[in-house]
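Chain lettering (A, B, C, D, E and F) follows the sequence in which the chains are written, and residue indices restart at 1 in each chain.
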Amino acid sequence: MAYITKSPWIIHYDASSCNGCDIEVLACLTPLYDIERFGIINTGNPKHADVFLVTGGVNEQNRPVIKNIYRQMPKPNVVVAIGACALSGGVFRECYNIAGGVDKLIPVDVYVPGCSAKPEAIIDGVVKALGILEKKREAMKKEAGN
Amino acid sequence: MGKITFTMSKRILKSLASGPATLRYPHEPAKRYEASRGHIEINIDDCIYCGLCSKNCPADAIEVSKDDRTWEIDRFRCIICNSCVEACPKDCLSTSNVYLEPVFSGPLKDRSVGPEPEPEVKEE
Amino acid sequence: MTIEEQLITEITVESLLEEVKTKSDAGYRLVQIGCTRIEDAFEINYSFEKDYRFENLRVTIGEDVRMPSISDIYWGSFIYENEMHDLYGIGVDGMNIDFNGYLFKTSIPHPFRDAPAVTVKKVPKKMDEENKTSGGEE
Amino acid sequence: MSFLDVMNVYPLIGVLLFIVLSPLVGGIIFGIDRIITARMQGRVGPPVLQPLYDIFKLFEKEKMVIHESQNFWIFGYLIFMIITGALFFGGSDILLVIFALTLAHVALILGAFSSGSPYAHIGAERELIQLMAVEPMIIIAAVGFYEVTGSFNTLDIISSGSPLILVLPGIFIGFVYILTVKLRKSPFDISTSHHAHQELVRGLNTEFAGSTLGMVELAHLYETAILLGFIFLFFGLAAPIIGLIVVALIYLIEIFVDNATSRVKWGLMFKSCWIVTAVLGVVNLMALYLI
Amino acid sequence: MTGRRTVVPFGPQHPVLPEPIHLDLVIEDEKVIEAIPSIGYVHRGLEKLVEKKDYKNYVYIAERICGICSFIHSLGYCQGVENIMGVEVPERAHYLRTIWSEYSRMHSHLLWMGLFADAMGFENLFMNCWRIREQVLDMMEETTGGRVIQGSCKVGGVRKDISVAKLKEMSERIEKTKADVEEINHVFFDDSTVIHRTKGIGYLSKDDAYHLGAVGPTARGCGVAIDIRKTGYAAYPELDFEPVVESGGDCYSRCMVRAKEVVQSADLIRQAIEKIPGGDIDVKVKGNPEGEYFSRVEQPRGECIHYLKGNGKKFLVRERVRTPTLTNIPPLVRMLAGCEMADVPVIVLTIDPCIGCAER
Amino acid sequence: MESIIFLILFPLFAGVIMLALPNGRGRDSFVNFAGVVTCIGSLYLLYEYFGKGAQFFFVDGTFIDPLITVAEIAIGLFIIGMSLKFRKYLIAVLAACQMALITYTDVVFEPSHYAGYDLFIDEFSLIMTVIIGVIGSLICIYATGYMKTYQEHHKDVKDKRPLFFFLMFLFLSAMFGIVFSNNIMWLFLFWEITTLCSFLLIAYAGDEISWKNGFWALLLNVIGGVAFAGGIFFINAFSSGSDIYLNELLTSSPGIALVAATFIGFAGLTKSAQFPFSSWLVGAMVAPTPVSALLHSSTMVKAGVYVIVRFAPVFEANLIGIAFAFIGAITFLTASAIAISQSNAKKVLAYSTIANLGLVVACAGIGTEEAVWAAILLIIFHAVAKSLLFLSVGSVENQKHSKDIEDMGGLIAAMPKVALMMLIGMAGMFLAPFGMLISKWASIHAFVNAIPPFGMLLIAIIAYGSGITVFFWTKWMGRILEVRTEREPLETEASKPEMRAILTLGALTVLACLIFPLISYTMIEPYTHTIYNSVSPLLSLSNEIIMLFMVVVVILLPVSLFHFAKGRTLRRQYMGARVSEVSGEHLRFLGSMGVMKEAELSNYYFEGIFGEEKLNRAGVLSTILIIVMLFALVSWFVPLEVIM
């Protein structure tokens, strides 16, 4: 098994969420949910991160930011979109400044529905993402082999 | 300044003594209350396709088609606000306290198709 | 039910600075500046408070009138004035900190400038399929 | 001393053990550290081997850099950290150990500088402040050892007849004080920290990704082994069991302090380290003449 | 001599900022010479949605202005509509709103205390604050069904009632929470390293605070006693409390205000539970709003204004939310001048910025 | 002996010829020629006297001694004349005092009466010779290129290059004279020549500030000169005249030697810019860079420490020595600390020079065998590394028109060769396993055995100082390495002569690190063994092997670059995830209010803590206090012995 699934470090970006999902992501780090059990650390730095948690939808200003973070994450990496806003724009879908869900901009690997997404659901989402990480790592290895 | 106080020590010792407060999810079941809003369910049998739920949905997540007898919800849009449940005249919608599983691809739409209308209704 | 009296005084653009100065001298704090689009004009409310007395100065201006900044009197007013500029496209002269339209950078400029649409158009459903691309643009 | 001394078997075993074991031991120490920290915070915490998983993972990742030269410096950091440890556990001159340690750190700092990133830059500057803050104490500790044992060689120091701590209590405490800086523990984790949240993102380490960061972490494991070994010198073979216990205890105290304090600002860190060095270290040195 | 300046792009993505804002920090050594904040990364433009959602359903949007102060936003909005339409809300609903408001305040303040501790690099304290916060969230979820987005307020009253037994249980549990909070507060007040990071940092004078428009704990920490709860909405007129005011004007004082307010909130909840009358929890609201009103409520971060204007149609003409964070930004700009690099996160957090609110 | 005299006289004559040559290729070639000859001469000397121990030569003084007196008076008159012209009356008075003392001594005691060995050579002189000969002439060669660009850039400076080169070579000649003189009267003449030359060279640019700093240097050096003359007077007045010879003096009665050493050592303090006299060296930075390099790495200041180290055995284990050691240590600490707050590269070099000389003085003050050994090593490493640094900074200055460290950001990309040489120089200054650090290590070893508890205090000072050293050097190195965008290197980084000198010095720095054990065995240890009558080797083999091993690792490490260049993804710096762009050498990001901002980076300077003025004051006051105590000690204890 690739070690990457044992030590997925996350970076979290609040695109234009209402903070609801945002603080639930943070809550996952805290004693009640403690995702460090899975070796997860919130790095806050794209260059160290393996899992990109995005909450909130894409808007005019954060478009380059999201892309930038994604680009600066070394492979293999996965993107987890959290909450209705990040999935589709949610309740703000019709706002003039919201362009929609995160998958409009970067490929999303796991979608966590909810408004706000429950911490348990976020944990599920990250755990699911690990499987994808492993696959991506294998693919990378193969590519390097060729 | 000057003196160094370790005011946190008592709390730390307590934490050590009382053990972690962690809910060991997923080994333990998730925390759920009766009132928790997890996702919207429909008892399609009772639905009359009046569309009130759709009209009252702030996220435009519901699509009702009287002709096809379908009731469709876009799970990616739904904000689980309960508005549709309150609006439904037939009380056929309900909010379950089980949250939805994450998925690998979107959009996630649940379509319910109602039963063939009963003949007597047709007659009217 | 009414929680509190809310006084609204209509004034003109010309007397704005003077009136604001009076408020400031009387020890009021600036609570907010907010605009509303009404048919063919903008209504700008300057709200003040002192000892829980909530008072408003209201200026109604035409579409292309520029407003004077009150940031000389209330230093913190720049935040509202920039907002007014960015969202309503109302020019404000003499702001102490001018964000040049970058306080709220919106996808459409001055989104609140136009009067509200009379009919409410429902966004067509099934739109997400066609808009969805997977993969970054870079 | 002759050429043969260098080739002596005991030091060689020490060196080999150090190179092979310290990542493992260091990893487990860090793992336990993380678990205890988590428990102190009311959490469960990661598996014991987590720090090692982290390092393995880092080597699995894409090699992303700003300039290649970055890796060169970091590789140098790792190599010199290993050399430092080899010198230390090989029983050679402790001043050389200290200077090699400084060299290793300078390589790390230059690696951060060479990335040209604002955060790494500030992290590097802060790391330099830390280096400047702790250097005097370490040198004074070495001189303290010399004053008591008459030798600068770690081999002689460790085999001194009585535990050095009996005559060097001030230096011991002073050294433990700066150990917090060296271990990157709160309240002195100003240049980079194990925790994510930092005004400097990851400070010094901001621009190191993948295996580069892996090397940094690995070197840190080695460094921890060296530092704990340094503490052990205060007891030496005269009181090995007590020494080990105290080393463990000191580490526990560091964890506790890490958990019980907020990060302080550079000024306080710097000044307090120097003052502690002066008050405990220098005074202890002078006191050696009185007894 | 050429410049010795270092320019640091601080944010929008930055680990100490849970939300995106950015600052261009110009520093010399570790001293901040210039700090220009900029926002706009979370701007959604939801105020415009009043033109699309009818006034009753808009409350779902209003409560999603922010997931931290969600409940009070819905309260502020509903109160505004009720005022325009002259709806009398039942007493019990007032009390329930008050209870949830105070829970919301507790959860927001505890969240802030955690983040604040984290900004100082005090991880353990962060964890402990959030651990206590979970108790509050539990009570929220049990009574409303949502942890952070409660969705229990509506025009004309509230959606959910709380049973008598439950209320009793809550008043017991709140005592426990209060005790935990008091224990943690001790750390914030007395720990030497915390004091090192907060005392004298980010000073704002009383006059400045008042004239720059500071509100909430930011103002109260400078000795300006503004607390909109004193204007007497919901059930506050019947409850006994005095605004918490500290006169230090620095981060320490602001922290103190919030820490004390958590305890105060617990107290208010207890009082409200004691006094809560029986009866209906909502009234039927008919017709459409016509008129305007500035609905003022005290959010955790201070005075929040929902300005509503209707013209007799189903859709309001204008809703404008002036949130406390927005008005606290000018004071923040003042406080940042001349601080140290390490103080930046502490000072930024000390106004408890909620960008979701500020930008809508 | 002929080669010695040749070395003293050849640069002198070469200089005189240069005075007559016009600018242009011819003069440049002649400078090169003279430089090469001097260099070869010094190497030949090394070859000739290598392993021979101390050799003394008798010179017939009947003809030379009057000449020396005349020359001394001439220098004195010149100084007095200059200072009267510029209304520096204090200097004039002091110079007059000094002249009076010397003339009085000459006339009344007739020291030349005692025939002794006027010239000599031993391992220490030999080391100094090689330093002066090789580095000095490299600097002169470098100067041909540098001065051309300098004059082009500084149109307002009058072109006095013939004079310039004359003075440079005169300087070398005087330096040779200093290290070969056994007769202290001779030594004094050469000493005065360096004072004069440095004064003229510092004032080269001819503007107000140059004159001011030149006179300041002159003043402080004249103070030293007076002390020197006082020392000579004392020797003549209180002891048998034979003590005027260095070798006799060192072995004469401790009282005499100590007093003489104090006076002459004091002069050494002024010349080697120790606190409280350090300010002249900093001021001297107004001079063209080759001058700084010459004055501060291989000559002038080295003359100061040379005499102190010569007297080191006298200082062993007594309070006067300790006082000197403290002056050195305080200088080391204070000057290093001040260097932190400086961003002018030359000033950093200046302060670091002062600091390193402080370390040498401290070692000399301790005066044990080990200490002297460390001091000599320090002198060697400092000379190569520091001259390398000065010359590189000079070349960067010519390219970038700035001496500011902040303008050297990313230099490694723009001027890779020069930058690399600078890095080597800096590594040589403070990093294990390079030069200076070995010496620092040695000095700590030496101090632990000094008179308690002073040794411990000295160590504490060194410990703090070494932390500080790491700080200011590393941040500078970091600045050079800080490449933010890809950049094409400059086509020509420096003129050919400049490059030649820099590369040679770079190679020498590395070489010195590699062969220092050899130097130690064959030259330094024989010297200390003769002086201290001991035999034990000072450097243990195992440590040497370790150091060599480390040097080899450092040299081999860059090979790893090839590995690291493979399979990399290049990404821009983390900018808070903001929009950023690269254009040329600028890295910009989207700032507030929509403007693109440059991501500037600068080092830390901590003016508040390490401010120049504040620390200077502290350093000056404390060392003045020590000097006062020093003379109190001398007048308290010593006369008793002397009279007996």
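Basically, contacts are C-beta pairs under 8 Å (C-beta built on N, C-alpha and C of every residue); 3 or more make two chains touch, one makes a residue touch a chain.
Values in this document were obtained by computation on a predicted structure and should not be read as measured data.
Chemist: Enumerate, in label order, the chains that touch chain D and chain F alike.
Modeler: Looking at chain F and chain D together, the chains touching each of them are A, E.
Chemist: Write down the chain pair with more C-beta contact pairs when E-F is set against C-E.
Modeler: C-E
Chemist: Looking at CA centres, what chain is most distant from chain B?
Modeler: The most remote chain is F.
Chemist: Calculate how many whole Å lie between the centre of chain D and the centre of chain E, each centre taken as the average of the chain's C-alpha atoms.
Modeler: Spacing between the chain centres: roughly 43 Å.
Chemist: In whole angstrom, how far does the Cα centroid of chain A sit from the Cα centroid of chain F?
Modeler: 60
Chemist: Using mean C-alpha positions as chain centres, tell me how far chain B is from chain F in Å, no decimals.
Modeler: 79
Chemist: Can you compute the centre-to-centre distance for chain A and chain B, using the mean CA position of each chain? Integer Å is fine.
Modeler: 21
Chemist: Multi-chain contacts in chain C: which residues touch at least two other chains?
Modeler: 99, 102, 105-106, 111, 123, 128, 132
Chemist: Would you mind listing the residues of chain E that make contact with two or more other chains?
Modeler: 6-9, 12-16, 30, 38, 40, 43, 45, 48, 52, 60-61, 64, 124-128, 131, 134, 146, 149, 191, 193, 196
Chemist: For chain A, what residues touch not just one other chain but two or more?
Modeler: 13, 30-32, 34, 37, 42-47, 59-61, 65, 69, 71-72, 74, 88, 90-91, 93-94, 96-97, 101, 103, 108, 115, 118
Chemist: Quick one: which bits of chain C touch chain A in the complex? Just the residue numbers, please.
Modeler: Per the touch definition, chain C meets chain A at residues 105-108, 111, 123, 128, 131-138.
Chemist: Going by the contact rule set out above, which residues of chain E touch chain B in the complex?
Modeler: Going through chain E, the ones touching chain B are 53, 57-58, 60-61, 64, 124-125, 128, 131, 134, 138, 141-146, 149, 151, 159-160, 183-184, 186-187, 190-193, 195-196.
Chemist: Looking at the complex, which residues from chain B come into contact with chain A?
Modeler: 20-26, 30-31, 38-39, 58-60, 74-81, 99-108
Chemist: Can you list the residues on chain C that touch chain F in the complex?
Modeler: Per the touch definition, chain C meets chain F at residues 98-102, 105.
Chemist: Help me check something: in the complex, which residues belonging to chain A touch chain C?
Modeler: So the residues of chain A in touch with chain C come to 59-61, 67, 70-71, 88, 93-94, 96-97, 99-101, 103-108.
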